[in-house]
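Worksheet: the structure to be examined is printed underneath.
Chain IDs A, B, C, D and E follow the sequence of writing; residue 1 opens each chain.
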Amino acid sequence: MDLFFFLLFAFIAVACAVSVVLQKHPISCALSLVGTMASLAVLYLLLGAEFIAMVQVIVYAGAIMVLFVFVIMLLNAGEESSKGRSWIAKIAGLPALAALLGILGYAMLTFYPMVGPKASLVHFGDFTGGGAKEIGTALFTEYLLPFEVTSILILIAILGAIVLARKEID
Amino acid sequence: MLANGISSSFVPSNLEMLRFAPELILSVAGTLLMVLDPFFGEGKKSPKIFGHISIVAFLLAIFGAVEANTVAGPAFSNLLIVDGFATYFRVLVLVIGVFAVLSSYLYLDREAADTCEYHALLLFSVAGQCLMVSSNDLIMIFIGLEISSIASYVLAGYLRNDRRNNESALKYFLLGSFATGFLLYGVSIVYGVTGTTKLDEIRTFLAAPGVPTGYVALAAALMIVGLGFKVSGAPFQVWAPDVYQGAPAPVSAFMATAPKAAAFAIFLRIFVTDFDKIGSSWEPLIWISALLSMTIGNFAALTQTNIKRMLAYSSIAHAGYLLVALAARSEIGTAAAMFYLAAYALMNIGAFAVVIHICGKGEKNVLISDLAGLGQKQPLTAGLLTVFVLSLIGVPLTGGFFGKFYIFRSALESHLVWLAILGLLNSAVAAYYYLRLLVVMYMHEPGEATESLEPLSPGLGLALALPAVGTFVLGVAPGAVLALATAGAALTK
Amino acid sequence: MQNLWLIPALPFIGFLINGILGRKLSKAVVSAIAVLSVVLSFGLVVSVGLSSGWGEHPIHQHYFTWIRSGGVDIGWDFMVDKLTMIMLMVVTGIGSLIHIYATGYMAHEEGYYRFFAYLNLFMFFMLNLVLGANYLLLFVGWEGVGLCSYLLIGFYFVKKSATTAGNKAFIVNRIGDFGFSLAMFLIFITFGSLDFGKVLSAAPGKPVEVLTAIALLMLLGATGKSAQIPLYVWLPDAMEGPTPVSALIHAATMVTAGVYMCSRSAAIFLKAPIAMETVAIVGLATAVFAATIGLTQYDIKKVFAYSTVSQLGYMFLGVGVGAFSAGIWHLMTHAFFKALLFMGAGSVIHACGGEQDMRKMGGLKKYTPWTCGVLACASLAIAGVPGTSGFFSKDAILTAAYGHAPWMFWVGVVTAGMTAFYVWRAFWMTFWGEYRGGDAGHSHDHGHAHTHGHDDHAHAHNHSHDHDHDHGHSHSHDDHGHDHHGTPHESPWSMLAPLVVLAFLSLAGGFLFNVPKFLESMFPLHEEVPNEEMLMGVSIFAGLIGIALSYFMYVANKELPGKIRKALGGIYTLVYNKYFVDEFYDATVVRPIIEGSTEVLWHGLDQGVIDGAVNGAGTGSRSIGGVLKHLQSGNIRSYATWVVVGAVILLITVGMNGGLIR
Amino acid sequence: MNLLDLVIAIPAIGFLVALIIPRVMEKITRLLVMGFALLTFVVSLGLVSGFQSGVNGLQFESNKIWIANPEIHYHVGIDGLSLWLIILSTFLTPIAILLSWKYVQHRIKEFYAFLLLLECGLVGVFAAYDLFLFYTFWEVVLVPMYFLIGIWGHDRRIYATVKFFLYTMVGSVLMLAAIIFLYTQAHTFDYAEILAQLGSGKIALDHGTETLLFLAFFLAFAIKVPLFPLHTWLPDAHVEAPTAGSVMLASVMLKMGTYGLVRFCLPMFPIAAKENAPWIVILAITGIIVGALVALVQPNMKKLVAYSSVSHLGFVVLGIFSFTQVGLDGAVYQMLNHGISTGALFLLVGFLYERQHSLAIKDFGGVATVAPWLSILFLITTLASIGLPTLNNFVGEFLVLQGAAQANFSWAVFAAFGVILSACYMLWMYQRVFFGALAHSVKHHVTDLSPREWACAVPLIVMMVWMGMYSQSFIPAISEANARILDRTAKAGLIKMTPHVAVNAGTSNFAPAGGGNAHAR
Amino acid sequence: MDPQVLMQTLGKGVPTSWYLALSAVLFTIGVAGFILRRNIITVFMCIELMLNAVNLSFIAFAHEHRQVSGHLFTFFVMVVAAAEAAVGLAIILTVFKNRSTLNIDEIDSLKN
């Protein structure tokens, strides 16, 4: 069961991710990205991260991506033009990406043993520490500081957006 | 959690708040500015009051940082650590903040830009840097870094109708986020290996035998990408020239110094302590990166005509020198880097301040040739710039020299003989383009830009004079700062 | 105790006074100071001579340490022995006479004070040279007289030929000094000292090769100063200087310094037979060589100049065959008659208003009887007519040469004949016949003088690279004779009186001063040579033949020289042009150095290679920078690619180092 | 604060004072600066009178901690080697100031301030006994000279000054690397301490390391000297520099290089120095000859004198690397001599320039007619420069060549060619400038010396005669210091030193050309 | 690796490594998109993709370590991403306003 869900949503995630890269129109990209995010939310659930899965859907796939779509609409961005080129990206890009995938993939695949007594496996329900309660407790005790500090971050974001995007006063 | 009797309770103790004081002061001040904006923002286009408040806030924060150091220790569940190292860097970035404000008055006035948001962003950015340098946790570091960076992104594009500003901000933002992705991936792998993101716990974990060092090395590599980007070390330096050139001059000055200092602080704190165990794996890379940074920075700067861009390349080269200190992987190296950062910050701010002084509205005079005859028209300004240039070259009795000396000493102590030699030779190459500034200033006849130059404004004057004094102090009597750096470096382990 | 330092100090004081204040002093005062200082010096020498038994009891005085470092310890020491005594007498004696003469000769010159200052300075250095008790002090004098020679040759500094001649003299001498200084280094290495006493007493014990090397290097020095082959070339040109200078420096004193040095170092030379042989051969070759050139010259001073070179060759021959005392003797007698010849020539030139070309003289005996008379004495002496001073000294040398190697004697005799010929040729051309100079002719416009009076050969060839630009080689060098009026006139008594004294010495010097006898304690007399009377007869005969031949050719049969000239053709041209030695040196040494330095060393090596490399490094750096900055394409995707590439490299390397990838 | 500290401090104070004085007070600036320079000179004379011979070690020593960690001391002191070079600096600075009295008419206070800073740096270089301090002064000297050439120089001044700076910089950074390396070994910058540690074997350098360190120091010094083929900055710098700059550059700054060789290269790395001596000597001799030959054909007076410096300093290097007492004494003495005589040459050439506004030899001719005294002083200087006995250079050259001959006779043979050539180029220039027919422009522009110019030139002339006639005033102190240095090199095991050379160097070890004697290894 | 043993294991659950590998793949795709795409907004979305990939690895590690802290990191990353999105899109807006283009290759006036 775990395997099935994993494979399914992993496939969707990757497919959507590839779609993000391959789609020409930004809106399609955005929608594909939402797809990836949604499937990741499922995987989070499988990993026992209920709260995060929820946030992923609401905040990420919901709020942030809506923002993206909004901007795309606002700018009326159509299919990307193919003007200009990056010489280096063409020549070195693909080999570098392949190498990156190779080394990261290799490292990650071998990170934990897959078989044997020490095998590290994910079985739905193994870990249930990712509920809202646990998160909330941690946030207000051990991780109080970052939690508070993120408020500054958001304040800056707002401030920045205002500075950059507001209309001229005069 | 129970260290120093601080519980992980909901309400932080006063002691913890004190250790968090600088960030707190800056955040409050930043918020205060925004609150005050409606009262002062109307009527006058760019009131100076916000700058004044910022300076007061910075000074208070410096006071706070120093006070916090008297009760050094961890705070907030050990996420934060106040030690000599943190305090050193906190004070450093705060001082940079002061100078950034000082050098901004004239610029903002000239560009008729909003001051409130500018100064607020500056305050927040510095707050983020303070947070970074005093963090004891990778995730805190990440958040601090983002606070600092996001504020910087906005600042880089602050004059939103200026095409150069836009481009600068976009590049900085996109590439910065991109690099942050790598950094974050590295953090996650560290977390995966050790099960924690707290630096001291990581240290403890890695000290134990049987650690899968390969994965730690991988994480280190990914973090080098992210941090290397922030410090503009090769081959992750590519963004720096464009961004520094495009950003408003005072912001460039700020970006070339404070975020860099903070990022180096992180670099040092993480690599020299936690990752020292696997040092042999990353040291050669830092070695190469250092050499590349110096070489690319210095050689590319040779042909630049734009001062800001030249200083950007030069800052890449200086990052290279700093990476040498990092490659030394020693307490002395750390102290050297700390000292050098201070010296570097002062001389760079000073140099940029002169750029701000001469650039004129819309930054139309930013070519090296625009300095022509400054030595005759404004000998004092020219003299001060000379001090900075000499320091950048590394002439004795300036902070730049002593810093360089200290760095290469650490390299030699760590048997990085060839790196030291190549680095020193590089500094001779660097002399060539720095000398051009002096040549143009003193040995050319005054040009249009200098003929119509207004006298030095008080804010800029301070932003020039104080760093100049500082540069000399660091060169002639570096003892005090050096002692602080050495003490700070000792505490990181 | 006599203060030897006063001897050179007096002229030096004269130099200082005249040199610094001279411009403000009247000519009378200047000449009084100059002459007095030298005469007083002469007096001191005499008194020193009297008190020391003329060098019988050597005096050695130490004044101060000059240079002390490591083992080198050079004191400023003066020393008087017999050899020095002779030299002192010659130098101060002749010097006094020439100073007196010069007061008359230079009476109308610009820079009168300057001339006497230089002359006094010369005396100072020359006395230093002979008084010095070690090689380095000798060298001080050696270089110092070279300096004064330079200054005095170039006395008429407005004239390029004069200053060029001065430079030539100094530089050629420097080449000699190069040898001398190397000799000193070697002496010091070998003996650990430069003091004559220590060196010469230790010389016999040292290895022959070292001594030979030292001696040969010294010889090189001597050839420079004493104008021997191959470094004689400067001396004829040195006649650019005022005539008293030629008399004093380039005939009587300075040029004999080489002989003095060799004699002084006899202990070394005697132990180095190869060097001795070389000295003899160089001397002999020079004697012959210069004599042949002397046969053809028309410039009266040039004739005497080559004669000087030739006579110096004689002295070297004497030294080389071991007859040091004969060499010194000839040095002394030569000083008498050659100084006289030059001063007489000066008187003639004075009389002719600055003319030096003998073809424009003639018949002067009726205008200048005194000059004619004294010159006749000198000419007799140099021709070696029995009873004259030259006879004795020359004979002593030739006899010794015969004892050494008979062929040297024969060559010497031929040379003696030639000497007699050309000196008398000059005599006849000057004093006999009709006066050939134009009455109101030659002003001192050199260009004018240049235009007439030279036969075809004179400028068949351009002389040296400098000369051909402005002045001919062989005419009025002294800007002399401002009181010139149409006809030749006798010189004033201030000039004639010294001439008369010298004439007396030229004639009687041989009887008065028997140098070999005097120096017997230093240089043992040579053993008797068989057939000495016969040899003497041969040499006398050669001299007389020479005189007779010259009379025959230049008085009795005046067309003959021209015919011979034509008959000899090329050979004559060769000799007349001094064998083209100057041109040879110019082509093989001077030009290659100048052009090589300009093209190869300066433009090629210095600016091309070295600076090229330096600037190339600069340009190279900039072009590296140019390439590097193009990595900065401004394209964000490219930048990202760099980051990724960097990241990949990092990951791979760190992974490998860290053990992730094996 | 002892006398030596004062000698360093007074110019530094003067520098600051000159910077502070308002721009308009030109005359006061001049007088004040002159006052400072003269005061420095007078105080420095106290060093001479207080200098004691026979003292093993430093005199007028002053040792204070400057920076605590890494421990850097303000450690100054003098021995016979430094003494005269310091005096040379303080002696020439007032002259340089005086000679610029008219020459410099714009940015006066900066000019004089830089001169004083230069003086301070120079004295510091010669007095420093802490490697860090030494390097500091070494570099500090660079800055004022950079500006002196760059601001007050002639047409191509920028090229020249940048070249000068960069050339020197390349050398000095390597030296800095070597200094730091030594520090990492010895944990001190104190020179005496480092020497002691090197001597006692506490720092054991392997052969390769010693060679590299030696080369690093050597390169820095060789550039400064400048040793062929690193000399090409010198002609440019000299030609473009203002007179005062040329004088200071030629007279004192070049000596920093040779001083460094004697002070640091020899004692610290005796084995490497000795091993590398042969090729260094070859370079020195090449420099002597090539410098002279190139000087011969220069059309520009200053360039000629500059190349002559290359030649002259070749002698100094030759003397140093002869490793003989005589040669070393001669080398050090020659440093002083060159300072005086070449300084005077530049001074006088500067006078000519001020009159004619040209340095080209062809623009002159017949100067002796209109300016006899100038000609005479120039002649004396020329003669000193070509090594006429009784004038200063002779003594130095003689000793150097004697030393070289002791080490290897063929060295002396080749080097002595330089003596011939020096006469060629100097006299030829003299002839073309001063002799000959009076050129028209010369007649109108050239006048004889003014009192101020007399005051500049006469002290130098006096020194030429004094140093030429009574070298005993100077050499004993130098000898003592050199003996100690040679003692170290001798102790390093490779060199057999017999100060009284060859007195007993009997009979068999002679080989005239090249074979060397007992002293050549 | 024996496929049979693997199949057996897979019955018990999915290897954590697979999750990690998925994150690596997504990360690489994000990087690829950044390099290859020209539309600035798309490029920015690729950055989001990279962050998501990192988040996945955080969650996977948290599961492995049975810790909640990993979740918190993810949470903070999301907040940061949100903030970045706000600022980033604002920057993109200004760029578009000034240049009327979203093609990343045309934003290259600052160079060399």
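In this text, contacts are C-beta pairs under 8 Å (C-beta built on N, C-alpha and C of every residue); 3 or more make two chains touch, one makes a residue touch a chain.
Computed from a predicted structure; not experimentally measured.
Counting steps between touching chains, the shortest path from subunit D to subunit E takes 2.
Of all the chains shown, the one with its CA centroid nearest the global CA centroid is D. Chains joined by the most contact pairs: A-E.
Taking the CA centroid of subunit C as reference, the farthest chain centroid is that of A. Averaged C-alpha coordinates give centres for subunit A and subunit B that are 30 Å from one another. A straight line joining the Cα centres of subunit B and subunit C is 77 Å long. Between subunit A and subunit D the centroid-to-centroid distance comes to 70 Å (mean Cα coordinates, whole Å).
With centres defined as mean CA coordinates, subunit C is found 101 Å away from subunit A. Within subunit D, residues 166 each touch two or more of the remaining chains.
The set of subunit B residues that touch two or more partner chains comprises 139, 143, 146, 150, 153-154, 157, 160, 169-171, 174, 178, 189, 192, 214-215, 218, 241-242, 432.
Shared interface positions of subunit A, defined as residues touching 2 or more other chains, are 84, 86, 89, 93, 97, 100, 103-104, 107, 111, 142-143, 146, 150, 153, 156-157, 160, 163-164. Taken chain by chain, the contacts fit none of the simple shapes, being neither an open path, a ring, a star, nor a full set of pairwise contacts.
By the document's touch criterion, interfaces exist between A-B, A-C, A-E, B-C, B-D, B-E, C-D, C-E. Subunit B makes touch with subunit D in their complex at residues 375-376, 379, 390, 393, 395-397, 401, 405-406, 408-409, 412-413, 417, 420-421, 424-425, 427-428, 431-432, 435, 438-439, 442-443, 477-479, 482-483, 486. Residues of subunit C touching subunit E in their complex: 629-630, 632-637, 640-641, 644. If you check the complex, the residues on subunit D that touch subunit C are 163, 166-167, 229, 231-233, 290, 293-294, 296-298, 324-326, 329-330, 333, 366, 368-369, 372, 383, 388-390, 394-395, 398-399, 401-403, 405-406, 409, 412-413, 416-417, 419-420, 423-424, 427-428, 431, 434-438, 469-472, 475-476, 478-479, 499-505, 507-508, 510, 512, 517. The touching residues of subunit C, counted against subunit B in their complex, run 618, 621-622, 624-626, 628-629, 631-632, 634, 636, 638-640, 642-643, 645-647, 649-651, 653-655, 657-661.
Residue ranges on subunit B touching subunit A, taken from their complex, read 1, 8-10, 12, 20, 23, 27, 30-31, 34, 75-77, 79-80, 114, 117, 120-121, 124, 127-128, 131, 139-140, 143-144, 146-147, 150-151, 153-154, 157-158, 160, 169, 189, 192, 214-215, 218.
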